[in-house]
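Each structure below appears as structure tokens.
Across the two complexes that follow, subunit A remains constant while its partner is subunit B and subsequently subunit C.
Moving on, here comes the complex of A and B:
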């Protein structure tokens, strides 16, 4: 046997599970201590949380087998010693959490709108979707369809926005705010960097004013002051007023995020585009913005997640979004005191949406390789 | 802010003064009533999404008076901050939103309180283990108190008057007060008595907490409308009064049909069998009959929403009829 051809395996302690454990969890004694401490905490916490949320929890029936219709029938209220979460409140109120006070006979319209929203998002999320072009056409007309579906008109009975609530309001506010703020934000960012003093000053003024004011103040302005200035007869819908405030707020932030991306583009890119004889719009649309938006993906998603969570502030102007429905439920004498269950559920829903957004942005970053240096030297 | 509000109120009033609210409501086909975003016993959505509570009943009573149909009402949720501008701008026709009747709101903000549908007042809640039976025994106690409210001032006055001391634990919201009291970080929680009752009902073991008998402030809660539209104010005022008078006369939603053949003159006047009181209000003559039939008298609404048999367990107390030791009193129906 030739000794030189013999391949020696790496030491056991540096490969496989053991190696990974050693390097990541037990590298030195401080690491080992911290690892043991965390494991102990998880050991204490996880069984308890699993027991509370799942194993001892009531979903529809309590431990006596009765269907739960108020908080007194929850196992944990019948017998404080055993019994975990009382999810029956979510079960009973699920309709309100998802649709608000939307009339039951018309609710199929909301369901269709939810399905269509998913379909409209598909081509935006997956570039390799078959027939993506046709899906994209659908995405463009989706807002119009959704408007008539949800609000009424074109043969659908009208459902006033007063009856909207829960996840429906949260999604309408979040999606419209994010979708509208993006183009407005781009225009504002370009405007602020414009060489024309009037445009640049107006954009700067707008951005600084909106950014300098808390969202609550804008919501109040939209909700309370606007109708006082409008002449009687012009009745602007409450939800629309809030939507306007949310969109203005979000577009100011979006503009600054995109401006950050624009500033990272080396002047050579502008000069190269101009030397090819491109106009201002062609240069921005074809050369500058694709690069600028690509490197701004993390902060764009960041502000979008922020907006999605900020929509809960609309409770202050009396619109019941997902969180508002939760608080309304807590005020029902039948369900007093179930705040843990309700806030847990609401945060779970928000987590699913925001975590989804954040995962998607990671996927985009990987796909577009935003990390690479784009010749900015 | 208040000045600004009153200016807006005047401006809004100037715009809306030309048409009566009653006509607007009739033309629209439904009533727009401002309620809270959720307060146990007063207004909160039930499992089927219908608003229920003492204030919600007040809204429905007015809808019944105008349309004879308890479903002809749209509930607009308002918060403590948005309620007055919402009413001033004409977005709602009335507020029934546990709002305390004060001189500045009545006069300066340009609103008109048309009555009181719940007499509330600041009270104290302590653990029953503390063994205290009166608030005057609370010397040296730690009190959970919402900062920047009238309750804070009332508390200071009460303790000073009784020559006892306390330590304040400032909190921001009702939920915070609840958690602090239940965790034992304060000995006493003070807020409006109705709020204390709902806090107590939310406890895992309500019997461990007692609401002390002392009520140290006046908080008359009632429906309000915009200043200047007296016709509409009258409709709301007498919708409330009709419910109170019905209780005085012993008319309930169950026996109202039998009562139409009563021999008591006031009963016949109230139910529209005699006289033309409905016409005076520009309503149908059986408006009060319909309120009692569809909503019930004051007592029925009280018992169903906040009374001793509900989780809130609020005794009638001040809200009993004047003949039964309370101060609930409606002008005669003639």
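Moving on, here comes the complex of A and C:
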């Protein structure tokens, strides 16, 4: 009977790699059949896509060794049997994809802004960053710096926003929209749940109106109607008008997402905060919102990713973002017919950013969950 | 009006929709008095004590706490809440904050206490409720009894004159009830004014100065524990006691 104290290990066949394979891939004969079929498909697809994108692709020179300057010189157009993707179009137009039509002499300013954006994101991404507090201060003032850096003023030459384009516009719209919509969304969500009927009604009306209208309509609205509401003599920049529309759109969605989080907070939390003598704002800032936002991280990131992709719609009001530059390039007779390459590249850039955002949300969820059991309050 | 009353409810009426939950409730509580409120569920006992710190609004009558009348005046409500601590059935600790942060939050933000001082205070309160070693854990990592003791410590940190307990042991496993009641007995012996809604009759017998029995929104009987348990006047009280003592 002494054996009872020995630690029994699980049967070999259910753990380790073999156990995993058995349970997940070859559990029974249908399961095995599906596994084999998927392996066959991957076997067919992976070599082909690697060959097309890398091994047979042209990057700067075609297979004859000439530098590619138009689509006729691409290997796949010269010899359809041998050629892969013709990335030369990206190489030649790279400047436009990244900066739009920003003057070349001033482009260092955009580069600095990109580097600063990365620096500003750093303290948000790494909680354990040394001197995080000072980095955070930088994050707060970064938008102001970026405005003067990109737009001009304070000794910098002015660069009109109609010269901006490509990734620059995508990032400006995406980052500003997400960053501004978050606080506005919180205010709208609190407002909609307010006990004061006027505030609650105004917020509800705003949210429902903005949510009920397609983003494209709002963009047209921003372009055409916004100037009518402004006092005479004030001319609003085209990009700013679009930004206003995008921010309003995003804040309505953000408000609903955060309202969902607010509704999940048990009434006891409000009562406990009140019984400790907290005012409405303290209660919300210290007790309710931290919990509500934590619950809402997945949908917040979801709508943010949605907005980042929706910024491509600005093309219809004549602003050329990353996709807009791509479509412009396609319309160029020099690069006619290279839609695979261009859309592949644009998709890849979007994917890198959105995948990064999604990974970040997983990291946040994991980090904020430690030691907290929301169910056992 | 009695001069020494710290809490005074006069003809208080309240409705939830059409349901008349408090009917002409009158209650005077003196300083340092310990009141135990009992009664069947739905009798309005929780609602009554929640009216005392204005978590619920009464619609008729007057409630005066420590000389401040509870009306729609927000300033008065804030002042009353600073005087009155409350402990809930469901603990209602803040799950995103550690035990220590739960306790220091209100002193720091409501009383503007410096952080170091507030943390010292928190540790002192945790000593009183006998769980100083849990200071850096999160509520989700504690047992129910420990959580409720933290909730008591959190209320005490605001240095209230009055403590309200709304069925503090009803959500606890039986073996944890005693640790919470012990803390409450200590508190009572220390001279705190307390109103406790509970079905713990043992606690009521040892601690209460006065028993209040409520049914259907009315105070049916008010008596000393001795009289209440041995010689109650109303039949409703007798029935209730026979049920609760023979369960």
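Before moving on, here are some points about what is shown:
In this text, the second predicted complex is superposed on the first by the 351 of 377 C-alpha atoms of A that agree within 3 Å, B and C clash if a C-alpha of one lies under 4 Å from a C-alpha of the other, contacts with A are read in each partner's own complex, and residues count from 1 in each chain.
Here is the rule we use: contacts are C-beta pairs under 8 Å (C-beta built on N, C-alpha and C of every residue); 3 or more make two chains touch, one makes a residue touch a chain.
Worth saying up front: this structure is predicted, and the values here are computed from it rather than measured.
In the superposition on chain A, A:65 makes contact with neither subunit B nor subunit C. Applying the stated contact rule after C-alpha superposition, one finds that A:278 touches subunit C and leaves subunit B untouched. Considering which of subunit B and subunit C touches more of subunit A, the answer is B. Residue contacts after overlaying the shared chain place A:290 against subunit C, while subunit B stays out of touching range. Judged by the touch definition given at the top, the superposed model places A:316 against subunit B, while subunit C stays out of reach.
Comparing the two interfaces of subunit A, the one with subunit B and the one with subunit C have no residue in common. Note for the complex: subunit A touches subunit C at residues 266, 268-269, 271-279, 282, 286-287, 290-291, 294, 368, 371-377. Subunit B meets subunit A in the complex at residues 8, 11-12, 15-16, 36-41, 43-47, 49, 52, 74-79, 81-82, 85-86, 88-91, 175, 198, 201-205, 305, 310-312. Residues 53, 55, 78, 81-82, 84-86, 88, 90-96, 98, 105-106, 109-110, 137-141, 151, 154-155, 158 of subunit C are the ones touching subunit A in the complex. Across the interface of their complex, subunit B is touched by residues 69, 72, 76-77, 80, 92-93, 95-96, 100-101, 160, 162, 220, 223-225, 227-228, 231-232, 238, 315-320, 324-325, 327-334, 336-337, 339 of subunit A.
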